[in-house]
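In the two complexes below, chain A is the common chain; its partner is chain B in one and chain C in the other.
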Partner chain A sequence: MPDTPRLNRPEHRQARAGSALIAPAVLLLLVILILPVAVAAILSFSDYTLGRSGIGWVGLKNYADIFTRSSYRKMITATVLYVLVTVPVSVALGLGAALLIRSVRIGASFYRTVYFLPVMASLLAMAIVWEFALHPSLGLVNRTLAQGCGTWLEGWPWFARGCAEGFPLWLSDRDYALWTLAFIGIWQSFGFNMVLYLAGLTSVPRDLYAAAEMDGVRSGWARFRLITWPMLGPTTVFVVTISTIRSFQVFDTVEALTHGGPAKSTYVMIYAIYEKGIAQNLVGMGAAITVLFLGFVMLISVAQRRFVERKVHYA
Partner chain B sequence: MATLELKDITKSFGDTDILRGVSLEIADGEFLSLVGPSGCGKSTLLRILAGLESQSAGSVHIGEACVDGRRAADRDLAMVFQSYALYPHLTVAENIAVPLTMRRLRRADRLPLMGALMPGVRRRRADIVRTVREAAEILDIAALLDRKPGQLSGGQRQRVALGRALVRDPAAFLLDEPLSNLDAKMRVHMRAEIAQLNRRLGATFVYVTHDQAEAMTMSDRIAVMMDGELLQVGTPDELYDDPADIRVARFIGSPAINLLPVETDGAGVIRLTGRATVLRAGPVPVAYLGIRPEALEPCDRDPLLSGRARLVENLGSDLFVQLDVPEMPETVTVRLPSDARGKIAAGDLMHLRVRPDRVRGFDSMGLAAPFGAEALADA
Partner chain C sequence: MTHRFSARQTLIHAILILGALIVLLPFYVMLATALKSPVEIASGTGGLFGAQAPMVSEDCLMQGGAEAACLTRPVLDNFRQAFTKAPLWRYMLNGVIVTAAIFLLQTLIAVPAAYALAKLKFWGRDAAFALVMFCLLIPVHAIALPLYLMLAHLGLTNSYAALILPWIVSAFGIFLMRQFFLTVPDDLIDAARMDGMGEFAIIWRVMLPTAIPALLAFAIFSVVAHWNDYFWPRIVITGDRSLFTPPLGLREFKGDLDGTFYGPMMATALVIVTPLVAAFLVAQRRFIDGITLTGMK
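Let's turn to the complex of A and B:
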């Protein structure tokens, strides 16, 4: 029997066909996903600006700036605060809404639709509505609050001060602007979390609740601790991850309502990238913030994964 | 320990009636099996008894008290679910301990850190661990205590579910097909364990099963259920010897009873394939004769039936012969003692007779129809 040449053996032919078949996918992956990150990483060591022919290498200067200049420190503070507020609140609200919707007999689909509306609406369009509502003198919010002046609400010092000196300039007071944006962020995203939790809840077997009842679990809280919360573990991981990444990416409300101000109090990372890299054409600086941003997101994913592998039960 | 009583329970899901007027009294310490084909409403009845489902009409009593409107957690019953319903995120030991921690520790005691500081909690926790271990040993799952349910086989899961019910000392145990997934050996072992437990604890057991052999061997009484109705409730012997309904006769006994279509003529003579028999009908015309396979015996003359053997099944202890009887729609099964082995082969002609007191009659509706008095006198 003549020897089959080594390269013509079936397994080799198959392997070659396999490589050929995945090549386009690998290529696309490199070009679309990896290459831009690599380019950003390289540019972050330069002072490149669009339209200039040369490229000047500045080493770690961009990064040094980020960690020393106060405006970038504010950027990191604003971003982290925003994430730390919106994520827990929108996750908790989403879970609460899902549990409530599951427990009502009629109107569940009505509530589901209503809570989901902000998710479907374009945030930019909704930002205009919020801008009107939060206008210091004409806005619905402050006018409504003003109705409370002269009533028992004045017993609350904050409220009394509002009546005397005017209610806050929600979007242009540096003590309030970030929290106002966080509120809008929560308003917008908790419906999405709710839908994810509703899906998660359907996968909890009903018999478990019956078993718990037989085992003498009487209170709703004990039932939640024993069954619902552990069974929703995988959903929670997913919801928290998605919410965190989405909060890190907040941009449209900032652009539409505050432009990072006042006094850089809402100068979040994506807005900074946009301002430096695109508006001011400081591509090198924008790239450095981008790399930092990716680092943050990566760090969170890894941390979550680490934590999750040990704590969460996957059925 | 308590009596259980169901009074005229009905249950409908929408338009479909699942239970139609089920009444049942279960004595204190009794072992009652509920048998019936799939979908007849056994689990539903058990859930109503447990308080997990509410009946459409009728009432449930435990002990002296009417428990309608009392929630399941307060009825003091333990249940094994058909689906096991184990907590997937807890280990086997934690699963079995749940009913104990929930009932023996107060809410403050269960708090993760604070609880440990409460007086007496440490001792009670140690008690729980010991009880769990004992239950696990009875069920032969002590080696699995640290695993999660997802890492167990079906039979092991079933035993964990059983353990979770057995660690408590409830008024009654409700078991929904607790042995359906075990292998034959384990099943026999668990059968004995459960029966022994019933005697040791003196607790009332309601035991749902598909398996009539299980019901026959373990029960004080058996309730046969079909299409949401109880057809008959009685001791295993009563059900086997005197089925009140043709469906009960068919359900109890393996291999199944022979049901021979017959006619009753104007004089009350029962005719089988056109020939008169010694049997006489009572007031109600008889439409079927029910004869257990072991009641038929070979004979040389005056046979009730004759037919050719189609299949001979040798079980070692017994021999089952399937006979083709002319004009009979189904084969007739005969059980012969083991000394008949080798003496009969497929194709042989057999003549069979039966003692009249071992024959039961059923009317055209399927209800038991007693024979007239002279039938027995003829025997």
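Let's turn to the complex of A and C:
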């Protein structure tokens, strides 16, 4: 065999091609994703504003503000409440819808299509539609509720109060605004969870149910508790993670419908980053919230990866 | 044997139908409002389609039109206003340009990288893959502020570049394509090399055709995300209407008209939402498979 020059041997050609092909991606990942994280971390210790030359270092002041000032405490409360309501409800509804759809003999694909529609539609557009539907006087929701007045529904104290004093203003009432946004969030996302659960359900082996039946597992609830739920473990871990990360990032509905109000009751973190860091040009503060936010999100992802590596099979 | 119309089945359908009504409620409101006259909207009458009685368009009169020239039907007036009060076609075109450019660039960058990670041996491959896995943890929306500052320093805000650049490298796209390429047999690549194909030709003419399902799934994922994205365009586009994407245009409409022109606003919403919803209805299986595949990373 003739002696090929060192650089032309196949493995060297491969090595050069490999580095060349991966280089653009690596470079862009570093510049577009890693560098901004570093920039945010550095600026979070400053009082930098865009357009002013020079930069003042303020140490941990921005972080101290987050944990002591009441508006930022409200921000964390609003974000955590939103996530704690939206995630369990949208995961449960996703699972419930998937199980029901699997058990109907006709119409399964119709229901699946309908429930998935909100995932496709622009959330901003649908938020604006919901705002109109929830309009105190013109909206379909309060108009429909008002038709229930004078019927047996008035036996429900909340309803009777609505008939007497008017139904809630939903988005401009501080007691209702966050729940209304959470409702829109759930409405938009549970179809996505349903589709993931439908995929998860197809991978549960049929013979498990037959085997359980032989062992005397008769009721539907027992079948669910002993087979379906454990076998869906990996799907659930994934669905919970992705729902959590997405609901942490809620912005469209807040910006278009409530601007974080009333009384900061819907002042979620991404909106705060936008308002402080960009609209008000308080970059240092926005950067500190960004770092905190990244911390939350990465913690959730890392927890999920740990969980998956340990193979979530309760069976 | 349970009967086809057992009580149990009826109950399940009742629950699912109730759920479907709630899910469809805003779509109904959007459609009905886009079709009706201001009077019908204000009084909550007219059902889904409205009476479509001839009416004189207030907006047309205010623009100085003669009464006879302003006689129109509610649905026509709503859509006319949607397209004339704001450059809605321009917004839609911008949406197409931005989503297409993002997807093409993502593919151009992710596919060679994924091929290298899956099939080539080179120094630093494990480190590069670790970087991709780490970047999967960073949501681009979360780092919007530093990205915005970087673009502002480069003088790039209010440009197509600002709308597109932050998204051109998708860690998820690289990861997804790599997983697919791993399943392609090495023999196929060796045969192509024997035929004298270079690595570049192998990527686009041998590897990519095998990964069409993955690429299609990624395309659906990418287009849906960026057509509907509102947060990022909101940050980098300030004021210059000719760069607005569809969601920004609708938001501007709402802000401008102080929410009183519901008919034209809902017509605008309908125009923005329709392309993806229609595509989904036509190719449901593909969309659902695509979203599931990209969801189950």
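Going forward, the second predicted complex is superposed on the first by the 275 of 315 C-alpha atoms of A that agree within 3 Å, B and C clash if a C-alpha of one lies under 4 Å from a C-alpha of the other, contacts with A are read in each partner's own complex, and residues count from 1 in each chain.
As a working rule, contacts are C-beta pairs under 8 Å (C-beta built on N, C-alpha and C of every residue); 3 or more make two chains touch, one makes a residue touch a chain.
Everything quoted here is computed from the prediction, not taken from an experiment.
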Chain B and chain C placed together on chain A: clash or fit? fit
Value for angle(chain B, chain A, chain C) over C-alpha centres, in degrees, nearest 10, is 90
### Query
Taking the superposition as given, does A:T77 touch the first partner, chain B, the second, chain C, both, or neither?
neither
Taking the superposition on A as described, I'd like to know which of chain B and chain C A:S172 touches: first, second, both or neither.
neither
(message) Let me test your reading of the model: by the given contact rule, A:T241 touches which partner, first (chain B), second (chain C), both or neither?
(response) neither
### Query
After superposition on the shared chain, which partner residues are touched by A:Y115: those of chain B (first), chain C (second), both, or neither?
second
Item to complete: Would you check which partner chain A:A211 touches, where first means chain B only, second means chain C only, and both and neither mean what they say?
Response: first
Larger residue footprint on chain A, choosing between chain B and chain C, goes to C
Per the contact definition in the header, classify A:V37: touching chain B only (first), chain C only (second), both, or neither.
second
The superposition places the nearest Cα atoms of chain B and chain C at a distance, in Å, of 6
The residues of chain C that touch chain A in their complex are 4, 9, 12-13, 15-16, 19-20, 22-27, 29-30, 33, 41-42, 44, 109-110, 112-113, 115-117, 120-125, 128, 131-132, 135-150, 152, 165-166, 168-169, 171, 174, 193, 199, 203, 224, 227-228, 230-231, 234-235, 246-247, 250-251, 254, 259, 262, 265-266, 269, 272-273, 276-277, 280-281, 284, 287-288, 291-292, 295-296
Counting only contacts in the complex, chain A reaches chain B at residues 205, 207-208, 210-219, 222, 226-227, 230-231, 233, 313, 315
Chain A partner, complex, touching residues on chain B are 47, 50-52, 71-73, 77-79, 81, 83, 85-89, 98-99, 102-103, 107, 148, 150, 164
The chain A residues in contact with chain C across the complex are 10-11, 14-19, 21-22, 24-26, 28-30, 32-37, 39-40, 43, 50, 97, 100-101, 103-105, 107, 109, 111-126, 128-133, 138, 140, 143, 187, 191-192, 195-196, 199, 238, 242, 245, 249, 251-252, 255-256, 270, 273-274, 277-278, 283, 286-287, 290, 293-294, 297-298, 301-302
